[in-house]
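What follows is a structure written as structure tokens; I'll ask about it next.
Labels for the chains are A, B, C, D, E and F, by order of writing; each one numbers its residues from 1.
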Amino acid sequence: MNRPSGRAANQLRPVKITRQYTKHAEGSVLIEFGDTKVLCNASVSESVPSFLRGSGKGWVTAEYGMLPRSTNSRMRREAAAGKQGGRTVEIQRLIGRSLRAAVDLEALGEVSITIDCDVIQADGGTRTASITGACVALADALNALVAKGTIKSNPMTCMIGAVSVGIYEGEVVLDLDYPEDSAAETDMNVVMTSEGGFVEVQGTAEAAPFSADELNGMLASAKAGIEELFALQQAALAEG
Amino acid sequence: MNRPSGRAANQLRPVKITRQYTKHAEGSVLIEFGDTKVLCNASVSESVPSFLRGSGKGWVTAEYGMLPRSTNSRMRREAAAGKQGGRTVEIQRLIGRSLRAAVDLEALGEVSITIDCDVIQADGGTRTASITGACVALADALNALVAKGTIKSNPMTCMIGAVSVGIYEGEVVLDLDYPEDSAAETDMNVVMTSEGGFVEVQGTAEAAPFSADELNGMLASAKAGIEELFALQQAALAEG
Amino acid sequence: MNRPSGRAANQLRPVKITRQYTKHAEGSVLIEFGDTKVLCNASVSESVPSFLRGSGKGWVTAEYGMLPRSTNSRMRREAAAGKQGGRTVEIQRLIGRSLRAAVDLEALGEVSITIDCDVIQADGGTRTASITGACVALADALNALVAKGTIKSNPMTCMIGAVSVGIYEGEVVLDLDYPEDSAAETDMNVVMTSEGGFVEVQGTAEAAPFSADELNGMLASAKAGIEELFALQQAALAEG
Amino acid sequence: MNRPSGRAANQLRPVKITRQYTKHAEGSVLIEFGDTKVLCNASVSESVPSFLRGSGKGWVTAEYGMLPRSTNSRMRREAAAGKQGGRTVEIQRLIGRSLRAAVDLEALGEVSITIDCDVIQADGGTRTASITGACVALADALNALVAKGTIKSNPMTCMIGAVSVGIYEGEVVLDLDYPEDSAAETDMNVVMTSEGGFVEVQGTAEAAPFSADELNGMLASAKAGIEELFALQQAALAEG
Amino acid sequence: MNRPSGRAANQLRPVKITRQYTKHAEGSVLIEFGDTKVLCNASVSESVPSFLRGSGKGWVTAEYGMLPRSTNSRMRREAAAGKQGGRTVEIQRLIGRSLRAAVDLEALGEVSITIDCDVIQADGGTRTASITGACVALADALNALVAKGTIKSNPMTCMIGAVSVGIYEGEVVLDLDYPEDSAAETDMNVVMTSEGGFVEVQGTAEAAPFSADELNGMLASAKAGIEELFALQQAALAEG
Amino acid sequence: MNRPSGRAANQLRPVKITRQYTKHAEGSVLIEFGDTKVLCNASVSESVPSFLRGSGKGWVTAEYGMLPRSTNSRMRREAAAGKQGGRTVEIQRLIGRSLRAAVDLEALGEVSITIDCDVIQADGGTRTASITGACVALADALNALVAKGTIKSNPMTCMIGAVSVGIYEGEVVLDLDYPEDSAAETDMNVVMTSEGGFVEVQGTAEAAPFSADELNGMLASAKAGIEELFALQQAALAEG
């Protein structure tokens, strides 16, 4: 098998994590998975949604957007269309759920963190890049809260990483770019904690159903890839 | 382990499939998974969305809704709120993708089938009941097209079934009702073809990440449950 | 004159009232006027709209919807369209006003009842079936409030029934089904109290204006029909 | 009985009809029922809604609005709120239906007339003033089409007039102003053709149900009042 | 140069200011600039937007709308379209900013004034007519607050006037009507205080860029025109 | 006078123009005015809005957005709010008008260019940075159309530059950053062609009205600043 990208089956694209990318956000990370570039800005608010008021618990949520010309042909601006599309809503719910798996919301207290993941340039894998970058921005924002004295210690219990994996010409391939994703038989997004557990597994048969063996092959490849991402996250956070 | 419902770990709720439930739709199925009741109406339109016009291919899509008081406390009516919520959008996209995996869209020709899945009463598992019932409604609608002469033969290549599965007190349980779902550590929805392949696998850690072993345990339980559903679908369609 | 339905001019369709149709709502009634089937769920909220806060008075309101394929050809889902159509708004305002005529809102206290009337299958007369069924659901919900001790006695002062009546081929006909309604010269909806007073009279000339005599003929026929409906409501409530 | 307005029970407010009130519309009428002032502008479009394309038939429709401060306390602007309220929708549907009863839509041909009824100042009876004024604007717009040669003769088959009537302190009163309307037990809007038929009868019990006798008393009073309105319409059109 | 309107280059259209035009608003002014007619209603609310609560400061804001047939061809009603267009939003922001320049918001206290500017008939210059008329309505509303004792003295520090000016066939022309505006090379709206300062200067090249000299010529013409408007405002207010 | 930024009164912030910033757009420019960073992506569509179809003329338009955390405190995402705010609409209309002044739309033919200006980081002057950067992106997109053979020659007749200017402590200052803008008495945005004409002049008194002399002082400062911007645009385009 020759992947369209020429990469080895289990090879990630070059991943780059740039912290403090913008100046206003409490955590601001530009993450690049090859040509996919997502800006992840974490904002802190010392209040919580109404369903948590008085509970002593905090909240972590995400919003996702694509710049209209982040893609090959221009997409309609969602603000002009007057609503977020189904894919947008699905992705931002996934990002939020994934990040909440890393935070002890009781230890956070009644504080909300919103992570805006805005795709500057898209080439496949924007949701997994978003999760991986957002986790670093979240760490920075929570560290800022510790530094400021709002909370005593960082309530993150682990890091979160995510990658896509698929079946292309019958074989498992890691971190699909857009041409690969369009041609894959199956596409799966895997989200894991740095302690090795699965947080989300979302596999979708595109051209043909997949078997349990294929699913396990994809999970193994994703696990190896996400471990590389954890190392890159750690290296980025160590630079601080 | 004692499930809240008292069922065995691998036991489905009583499932009932009633065809021709309403009189106008080309396919109309009331599916019951215990106290969860979903009305699945398939409507045929001899036109396709603009992105398929002139392609010779057909389309299958789904819409999902919950009656405001299908749930324990009344939800706001989405038509009055002026938009469909994120969960609704996510579910109807899942139903549509799942059903398309069963249909040869080229053989269908430029015809659209819309399956409306409306939850009359909710008690957990509405999305998997919707998929399972919608597939029967789709079969009826396509058979009606054959009977009418619009298409020569039914373009379904298999049946589709779906069930939820989870980890409750550390063990795999099948087909969670609402109290079980609220208490589960992990919740997974599995969609399969009657030929044994996976179409969708969506696992979400609620309280704690899950391992590959747990995931495989859930898949095995789901597979067995979905095989029971296929038998029930076949029995219902045989009654014709 | 031969009505399309073959019924006598003053003959109602078979009417069936099923209480406790769903399990969550405080009052849940499926009402059938022939092939027209409407699910009426009453929900109790121990709060009132802002214009009544602090007034000591309660509120009764209604929402109405049609399942997309309750009708002969599929209608667009209002939640997907992003708003309720004019006909929907008009009908739910009518249902709400009609029901409020039966309740002593001061005796109710600061409690709101919302009746959701969702049309499962439509064959003419959905608004009059909704009002007639909603009144039973409202009675059940108020009785539940009495049983629970929230209020001392049921604040309903009467029952409410409604029927449509029209002029077809120059003669008054009662309870028009869809084919009859489409062919009628005039269509009128009449809402009455069980004490014999009119709550709403809405007559619309479709093909030709109507005279005062015709109007009185329609009122008389409606009155007789609604009396039959009151008997059916009483019988249903007596089963309790 | 002393009406709040001091008028006799069967006395209309001073009614004034001013044609050519604005310069752009094909028909432009300011109608005043006492302090209620509504501007009715008829616009002609040589096209029809999609459901009539190719049918050879025309269409007449209406839109209704209130200026935010036409009322005693400022109402929210519907354009800013992002939707038309239920009352607005109900009224504009009533105006449109009423006017269509006066026009032979086949004779009109594939032409649409939209009548915008905008309330400049409100003091009760805005819907009946709108219908009465809109009919004059419609006549002017249709005459303009005849003058222009688009149609050979005016396709109006009659004039349409409307008035409100109610029960106040047990007696029938005609053409209620806002204080009277607020205090009335029953409120009814009656729309008639100049040939003496009823087009719409919409009676609503506000404080107490009404009897058939009361309804007939209201109809008789309305009929006399509308006959006065027809004379005023004719006088206004004769001035041309 | 011959202006399409036949007016001298520096000649305003006939301007007419009618106070107390409607009966409910605290300030109600119909302003006419030739055939442009705008109804400006000022409404008082003894509360302020949330960003000012507790600040001790008041607020002045404006909303703008055009009746659908105020223009030569009917525009879609914004309430029906479900949103205010870009031009509407731009104009109402301009009116609000302009009026706030005339009011000492601290002296006003926590009171809001909303000025609704609704165009009854449009013939160019609706935004400048709106500002000029709204200022008079604002003065009346503030005087009413003084009369009522809510505030001790009128917090207006000056009057505000506005006019359009343009370059037509190379020459500066004042107060363009619609045909002139459509043909002008440049269009500028100028808002001034009665003390001679500029509040807003918005010049837009339509057909060709303009020079600093042309801009200064336009400013001079606008200043002279606005001085005439101040005299007319004073005369109108003196009539009281 | 000491400007908050420490710059000389007539000194621009460091301006940086980066072309080909993203890979999909026909023109893609990141423009930086100090800490203000705007991504300007030009997209080509070989169709025109309906009002130009068949006219032989092209169209240039713009959309503007701010990433939610481009600002000091997070703003609500407009796509989630369901509409673009008034300020957004006003700015994108200004950008579009300004750019159209540089293009011979007849020479362009029936082609549309949309320039998306998305603010990555905001520190005052986003609208003037957007216009200045968008003009370079537009030039690149039009050159690409020439290279592709769609049009014979580039239909731009000049370049467009824009800068803000204000009165701060009584003196004219150029290119205000956010703290300066917040403290200025007057704020003016000036858009010019490279041939020296004014395209837009929008001056707003914030704290105090301004005089004709102040306006002329601001225009002169803006003109000098924009000339610097034209040189930077030329240098950037020369690199290509």
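Just so we're on the same page, contacts are C-beta pairs under 8 Å (C-beta built on N, C-alpha and C of every residue); 3 or more make two chains touch, one makes a residue touch a chain.
None of these values were measured; they are calculated from a predicted model.
Peer 1: Treat each pair of touching chains as one step and give the shortest count from subunit C to subunit E.
Peer 2: When the steps are counted carefully, the minimum from subunit C to subunit E is 2.
Peer 1: Both subunit A and subunit C are touched by which chains?
Peer 2: Both subunit A and subunit C are touched by B, going by the contact rule given at the top.
Peer 1: Approximately how many whole Å separate the CA-defined centres of subunit B and subunit F?
Peer 2: 50
Peer 1: Using mean CA coordinates as chain centres, what's the gap between subunit B and subunit C in Å?
Peer 2: Chain centroid spacing, subunit B to subunit C, equals 33 Å.
Peer 1: Which subunit B residues touch at least two other chains?
Peer 2: Each of 82-83 in subunit B touches at least two other chains.
Peer 1: Using the touch definition up top, name the residues of subunit B that touch subunit A in the complex.
Peer 2: Listed in rising order, the residues of subunit B that touch subunit A are 83, 86-87, 89-90, 92-93, 97, 101, 188, 192-193, 195-205, 208-212, 215-216, 219, 223.
Peer 1: Where on subunit C is subunit B touching in the complex?
Peer 2: 22-25, 28, 35, 37, 39, 41, 43, 45, 63, 65, 67-74, 77-84, 88, 114, 116, 118, 120-122
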